[in-house]
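Each chain gets a letter, A, B and C, in the order it is written, and its residues are counted from 1.
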Amino acid sequence: MKPDPLPLTELARRIGATPDDPTALEGVFVTGLTTPTLPHAGHVVTIDDAEQLQATLNASNGTELAALVAPPHLEVPQGAPPVLRHDAPRLAFARLTALFDAEARPIPGRAASAIVADDARVAADVTLGPHVVIGSGANVETGCIIDAGCIVGPDVHVGAGTRLFPHVTLYPGVRLGARVRVHAGAVIGADGFGYAAGPDGAEKVHHLGTVVIEDDVEIGANTTIDRGTLGATRIGAGSKIDNLCQIGHNVEVGRHTLIAGTVAIGGTTRIGDGVRIGGGARISDHLTVHDGASLAGGSGLSKDIPAGETWGGLPATPMRQWVRERYLIGNLERIWQFVRTATRNATRSETPDA
Amino acid sequence: MKPDPLPLTELARRIGATPDDPTALEGVFVTGLTTPTLPHAGHVVTIDDAEQLQATLNASNGTELAALVAPPHLEVPQGAPPVLRHDAPRLAFARLTALFDAEARPIPGRAASAIVADDARVAADVTLGPHVVIGSGANVETGCIIDAGCIVGPDVHVGAGTRLFPHVTLYPGVRLGARVRVHAGAVIGADGFGYAAGPDGAEKVHHLGTVVIEDDVEIGANTTIDRGTLGATRIGAGSKIDNLCQIGHNVEVGRHTLIAGTVAIGGTTRIGDGVRIGGGARISDHLTVHDGASLAGGSGLSKDIPAGETWGGLPATPMRQWVRERYLIGNLERIWQFVRTATRNATRSETPDA
Amino acid sequence: MKPDPLPLTELARRIGATPDDPTALEGVFVTGLTTPTLPHAGHVVTIDDAEQLQATLNASNGTELAALVAPPHLEVPQGAPPVLRHDAPRLAFARLTALFDAEARPIPGRAASAIVADDARVAADVTLGPHVVIGSGANVETGCIIDAGCIVGPDVHVGAGTRLFPHVTLYPGVRLGARVRVHAGAVIGADGFGYAAGPDGAEKVHHLGTVVIEDDVEIGANTTIDRGTLGATRIGAGSKIDNLCQIGHNVEVGRHTLIAGTVAIGGTTRIGDGVRIGGGARISDHLTVHDGASLAGGSGLSKDIPAGETWGGLPATPMRQWVRERYLIGNLERIWQFVRTATRNATRSETPDA
């Protein structure tokens, strides 16, 4: 499953990097990507700063690296491997991981144990792993890979080039766009959590809506996204959701938003475009997190966040306020000693105890 | 999968609503339920207040809604659709969602790929989806729907009319009551988390107990409920648990309790009847949350909550105390400036820095 | 599935306990293990203290318990059941649960519906449940039990005596040691959450690494452990992870560490040996929690924890500091009243409102 060696000139072109000395690239083939401290001959290493450069040179003693990818103005000593320059080493790194990805795929074609409803439409080139179930009226477009044990419910739409990893459940009627990746165990389209107080206990609000996942979304393992009550829960194009997140009914997430692991978003909340939500944050229902806002990991949000602001804490406040509050709480000991002394001096009798 | 149109008189009767003008209902058929801002001809809309009424009338310009469901004293202008009155619009709404629910079900009967142990008892009318496994000695009662990929372990009991969505795992011996709904990926009966310090590392406390889920419970997607150590972990009748919740070993949850998404409850804790736990709350082990208590979302509880009280915060305190504490923290800046000034005036030397 | 009755002498030997009176054990057979308040004839009960002893004696009125296991110096009255002494009753209890565990296992052998790749190596005595999938190049060693619906990806290694409960997903190439237990729905080896800002939105950091689970690890239901970016995410021997935990890419967890339910650990963080992490705690990325440290449940950690220290809070601080901070916040009302009074006395004009 190892990818073929790649000419270094070709690699530079594909990641958008510029060589210090184009002639040094000739005849060099790259066999992989590694980290500064684990050199492998023929591999490329991405360097962020002078410290990483030094670590790489120290570690690679005797190992012939194929190339270094470094930011424009970082000085590299004579005798180092060929240097490629890139404005954004992190972006170069992402592109290198794509070049050297040899992701395992199920055996092409349809496994004998896959069960496809007679009236489902599944493009001829779709891969269906063992024990897959495709429901009545479902539509799976060209280039999809549906891994072992996935359940694609009736009337589900799966756009072109989408990949479902094992054990994904798509409830009836949900719609996935193109090039979506859904990791193992994710559940899309379960009922939202809604009940009304009735004379004999809670009466269920049935969920008649659906979920729409737009193009180029990635959804983490065991994440759950509930269907809308009447309309659709929606995840905007290019947004990425990590593992074990809970997205409530009727939530709308905008485009190019990043939601880290174990985040929970309450029903009917709207998350804008380009938002970043840190791991473990909890967002109450019926809120709005406007475009470009950020919420720190572990926070509990119970108010809207204006566009572009960064908030944190429990309950979350603007980050500047949270930092100031933490600073003031750090001074409480001094405040308390002051009050105790002042009180003692004033009364000599009603001293608070410490 | 669309339900048949329903006579409006019949609809009024079934949700327990009273028409302003019974004659206005005659000959009207309802084809669906919609929201105030998305009118569809022939649909019914539930209205909470004057603002929603106005929004509905504005949006429905030209669209002939079948009826409005409104609280008793809300004034509705002439020319509006027929009005049904209900004391509790949220309850009316829940009942309307039930009327218009056309939930997809697996094809009735037993899928050819379902595997049923010879000595399992499965009622004749039970639906078994593809790749279902029913273990030895299991008992699945009348009217159950066991969706694709579910694993019902040996000696499990599943009460009448219960529905398991895809990929549910029931460990050996667990017991589900009647009309229980378990959403996709939920795991009921895994080992509790218990170890004892031994000479060579942790020694496992094996879990010999079980899980009992009483009637009319709903359990969310990818939620986990651990088996008891010696006795049973128990979820009381009518209680509802949202997605991605963790219920520890030996926990007892009472009746008609609501537990929102990503809540974690530590081992041996008791949750009373009619309790409400907000999303993302964490409850330590060996606690008691008494009947009718509430815990705010995102809280971390490490003490018992008395009956009927509402608590919140990290660590959680009575809500009044938490609100007061937040108010006082909001005054810390003023307190700090006071102390700084007083200290500076007093000493002119040991000024705290800001 | 009940285990055979066990001679009490044999039981004493196997849990490492010493009888008060060896002759009292002769001819006694033990049929099970129970709790102080639920006596069963022929069962053994573990007692921690005088209070539990009294409760047991009161409850067992007329029921002939087989034996009591008690700490060395606890005085037991005449007429009680035979007494076994053990220094650590919790450890004795764990060993008793092991003795009486009759855990259900799938039917030995390979289910007809299990699908094994031609070039996978599966030891002859391995149990494969229904609908299991073993991928190309995988290696499953002797004594493993792979329960229904598990997906063992290509090139996965599963060490001897490991047990996978239903619906576990092992992504391609992950490595499990010997005697590992993975509970239902756990996902091991999904992509880490990494993206780089590109000109047209986030560009994915592909994950070329793997996950290594060492010997004697237990992993809870629906827990997710992401693969490394280039290297391995690693869980050290003897460590235990509860349900619904998220372990990020490149994380390294040491040996004999306990991680309670719904914990989230960010990418590249290192957790030492013998660490304890309470339920619902969230740990940011790129941190180190050193050997023997503890983090309280519900905390949010954003700094390293030195070896052996206990931390808690949001953000987490050393526990002593957190407790002191909570004490000082509890005094804020008094501080605030002092400041108000002082301010009022000083100015009689700019009184802050309460």
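Quick notes on this structure:
Going forward, a residue touches a chain if its C-beta (ideal position, glycine included) is under 8 Å from a C-beta of that chain, and two chains touch if they have at least 3 such contacts.
All values reported here derive from a predicted model rather than from experimental measurement.
Looking at chain A and chain B, the chains in contact with each of them are C. Of all residue numbers used at the contact between chain A and chain C, under half are used by both chains, marking a mostly different-residue interface. Rounded to whole angstrom units, the spacing between the C-alpha centres of chain A and chain C is 26. Contacts with at least two other chains are made by residues 113, 131, 149, 167, 185, 222, 244, 262, 314, 329, 332, 335, 339, 342 of chain B.
The part of chain C that touches chain A in the complex is made up of residues 113, 115, 131, 133, 135-136, 149, 151, 153-155, 167, 169, 171-173, 185, 187, 190-191, 193-198, 201-208, 222, 224, 226, 229-231, 244, 246, 248, 262, 264, 266, 282, 284, 300, 302, 314-315, 324-325, 328-329, 331-332, 334-335, 338-339, 342.
The touching residues of chain B, when paired with chain A in their complex, are 1, 33-35, 38, 88, 90-91, 93-95, 97-98, 100-104, 107, 111, 113, 129-131, 147-149, 165-167, 181, 183-185, 216, 218, 220-222, 238, 240, 242-244, 255-256, 258, 260-262, 279-280, 297-298, 313-314, 326, 329, 332-333, 335-336, 339, 342-343, 352.
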